[in-house]
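Consider the two complexes below, in which chain A is the common component and chain B and chain C are the respective partners.
Now for the complex of A and B:
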């Protein structure tokens, strides 16, 4: 299932850090995630994008083993998520709510982590928080939201996981702190072969550091694959207002926008664009994301599972 | 894990230890006074050969007596303030998601936490009970009411079992409801309900009660601190007689059942006429009771019941936390 050609910007992708097949989670009658089939190779920074309620948190919690799938398979670091110290040691999950013991200080949390984890880089946390001028001895409940997020992020890195799952970790950070943190993540990935899945609404941030994309909408996977390849496979076509059935026949149209004067299409290419009346231009991540968020068509998992094979 | 439990709950533990220490100081000081009072009373009555009638002697003070009886509620406190928040407070604050993403399984997290909470509850219940049992020693010897719920339930081993049950109930309620206040409310209501139901419905029947029939003209008192469950008078046909308040009795038998001659006996010091003695001999008094020597058996059975309930609640907690989604 691994594409054998060169992926731009990467050497050969390694084995998958995450592999899911038909992953489904229902809470009573509500389907939070449906038929999710994705794959993330090791060493990637994967953006997890989707509108609110698309199932991002559900997917991350399933990967972390905090909840169990209703149907389907999930494989993380080569095994099914389970209650086992060795599995847990390799996973870092930071929930959106930034769970920390409010009455305990950062230093207390460092000691807790040291007691509960086989690998623990306490010095890195102290160094990092001191550098950010965050007091180590103050109860974290008394820190600002951004400082708390920094403490939680430093702690999760100290655990030295192989897979890091971050649910909107940068939402509480100011732009500079955000940039610094994402830089830190990129360094950790380059140095330790860490894999990261990062959910966020801040597409510009994600575009800067991510090289992989999972896009969810309406509890389904819309896109999954290497970010550059996905961008390369999509075009925005702008042309006169006329019949587009020819284009729809040969390419997959993600979104159509018709104004009285012109038609704008976001298409997933299936070969070159033949119609000279349409001008093709490259897409940005933001345009891609907005295009897929706008459409509510069911996904085609078979096509989307592995990028590259279909070319 | 243990360090985390200590760091998270040290305020609760320290407050509990401080309360225990204050209670112990008070009980030891007043307990010595009670013991001295008792010895003085024993010496005095021995001199006048009147030691049988010491039942009315009151030892201690009303304030301490009130504190002693209020230890009935002590087991509930651990349930409300230690048990109920254990899981619920973490679920509310989301910190379970911190703890469960360290390299520690949920099972180990739960085992260690529950273990320390149960140990704390046992120490709490045991220490209070030991102090109360010691303080009440002289009174137990005098009053002979060891089976009274106000005394049986605060002495011996049962307070330990109540404390373990209360903390387990709190933990289970917190694990199921995942909110602190509802968990506290359910713990309080559940604890009172279970305790009351067992006192009223189960405890009298732990062992088959003994019923003794005796002549109404003679008396019968079982030895020691027995537990009287029922008493009354049975008529010639074997039916139990109603005993309303507003009529005259002769030896426990309503006067209306007896010849008129008997009424005079009750008023004067005359030897009862043979017709009256004859009539009374058809009646039997009875006493249904649990003998005094069953005290520790009853304590043991009650302890067993509450330990079993605690075990069931711990199992419910484990299922709620380990089987369900986090």
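Now for the complex of A and C:
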């Protein structure tokens, strides 16, 4: 039986499941992650978004205790990630390639897991997979990709982790398998109140299921916070082609796009938009992501991308 | 039991879509006093939305007095939203269907009909204020 808990509401941010300060990871001369400071409250489903090579996998590995930082601090569930059983018992990590033994069945995996983990809710895996009509006795190599991902997720949940780290788990799945996988994930969060960090490029899925966001680009944190609040703090401004210094003075301009007739800006608001020549509209997560990814110099807000500028 | 349909492309945020769908089901008579709403787990398993989104919607409906959470049992309809009895909607809907047919025959497409409706609603609202 799966324990029932009330999910913490977003009104009161609970204690942080993840807290990093100036977290940096270098591999030789390559900086994979630089000065990363983020915080994720318990009970959140956090989207980890960024272009390839932005440092997403590096951050997930640091959080899981699979690698050590070059500099900075990281705290997960109130302690420093490390390779010891007490820490790892509370962490679920699902790598991109979904590591299952292809010749073994789900039932075999359930039995192996019982030997390897101090806490192990074997019955929850059987219930979840039976509910999804996935055969427990078939070799997982003979299941579809979507079913394999669900088997892997159900197995990780049997560990009853407090923090679940998922590295692009749905990238290779078809839309229905993705919906089922994320439904299973959301159900586990509703039931057990665990915290999830989920990296993906599929923004529409993330916008539905996530309530927190970490955005990385060029090894640096661009945005971190409550998803709804971040969306509310940004606007797309569309107006005539004219001097935008007043807007730039009062708001943080993320991206400017100029055509001969029109100027489009993505801004992080700092008070109301006073210029009546510009029409302000709400942003979607996709627009927010594209805006921040399109920046030339993500760490330096003063430098702007200018597209289509007439010479 | 009703189920929710969450449109990810809608400008209406998901929690408000749930609130509106419950109110709508109550007005249309699909839900009645004493009926149970799906649990948070049922909703998120089916729709893959965030559990906090469902909780927020249910909290709003509870604050409105339309539903109540009974500890250990689930969430139930407490009363209908204020407004005309269910039959009224069906009757007005039939009238509107006649009007839509007339508008189509006059050569209006859906977009023109929608904008005409919006303009009329806005004019009516301004008349009320004035």
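The criterion applied here is as follows: the second predicted complex is superposed on the first by the 284 of 311 C-alpha atoms of A that agree within 3 Å, B and C clash if a C-alpha of one lies under 4 Å from a C-alpha of the other, contacts with A are read in each partner's own complex, and residues count from 1 in each chain.
Basically, a contact is a pair of C-beta atoms (placed from the backbone, for glycine too) under 8 Å apart; a residue touches a chain by one contact, two chains touch by 3 or more.
Source: prediction; values computed, not measured.
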Contacts of A:93 with chain B and chain C, given as first, second, both or neither: first
Chain B versus chain C as contact partner of A:67, first or second or both or neither: first
Contacts of A:118 with chain B and chain C, given as first, second, both or neither: first
Partner chain in contact with A:174 - chain B first, chain C second, else both or neither: neither
Touched partner set for A:127, first chain B, second chain C, both or neither: neither
Residue contacts with chain A in the superposition, chain B compared against chain C: B
Partner chain(s) touched by A:279 [first = chain B, second = chain C, both, neither]: neither
Chain A residues touching chain C - in the complex, by the definition given at the top: 7, 9-10, 43, 45, 179, 182-187, 189-191, 204-205, 207-211, 228, 282
In the complex, chain C residues that touch chain A: 6, 8-9, 11, 13-14, 40-41, 44-56, 59
Chain A partner contacts - residues on chain B that touch it in the complex: 1, 3-4, 7-8, 93-107, 322, 325-326
Chain A residues within the chain B interface of the complex: 61, 64, 66-68, 83-86, 88-89, 91-93, 95, 97, 99-102, 104, 108, 111-113, 115-118, 159
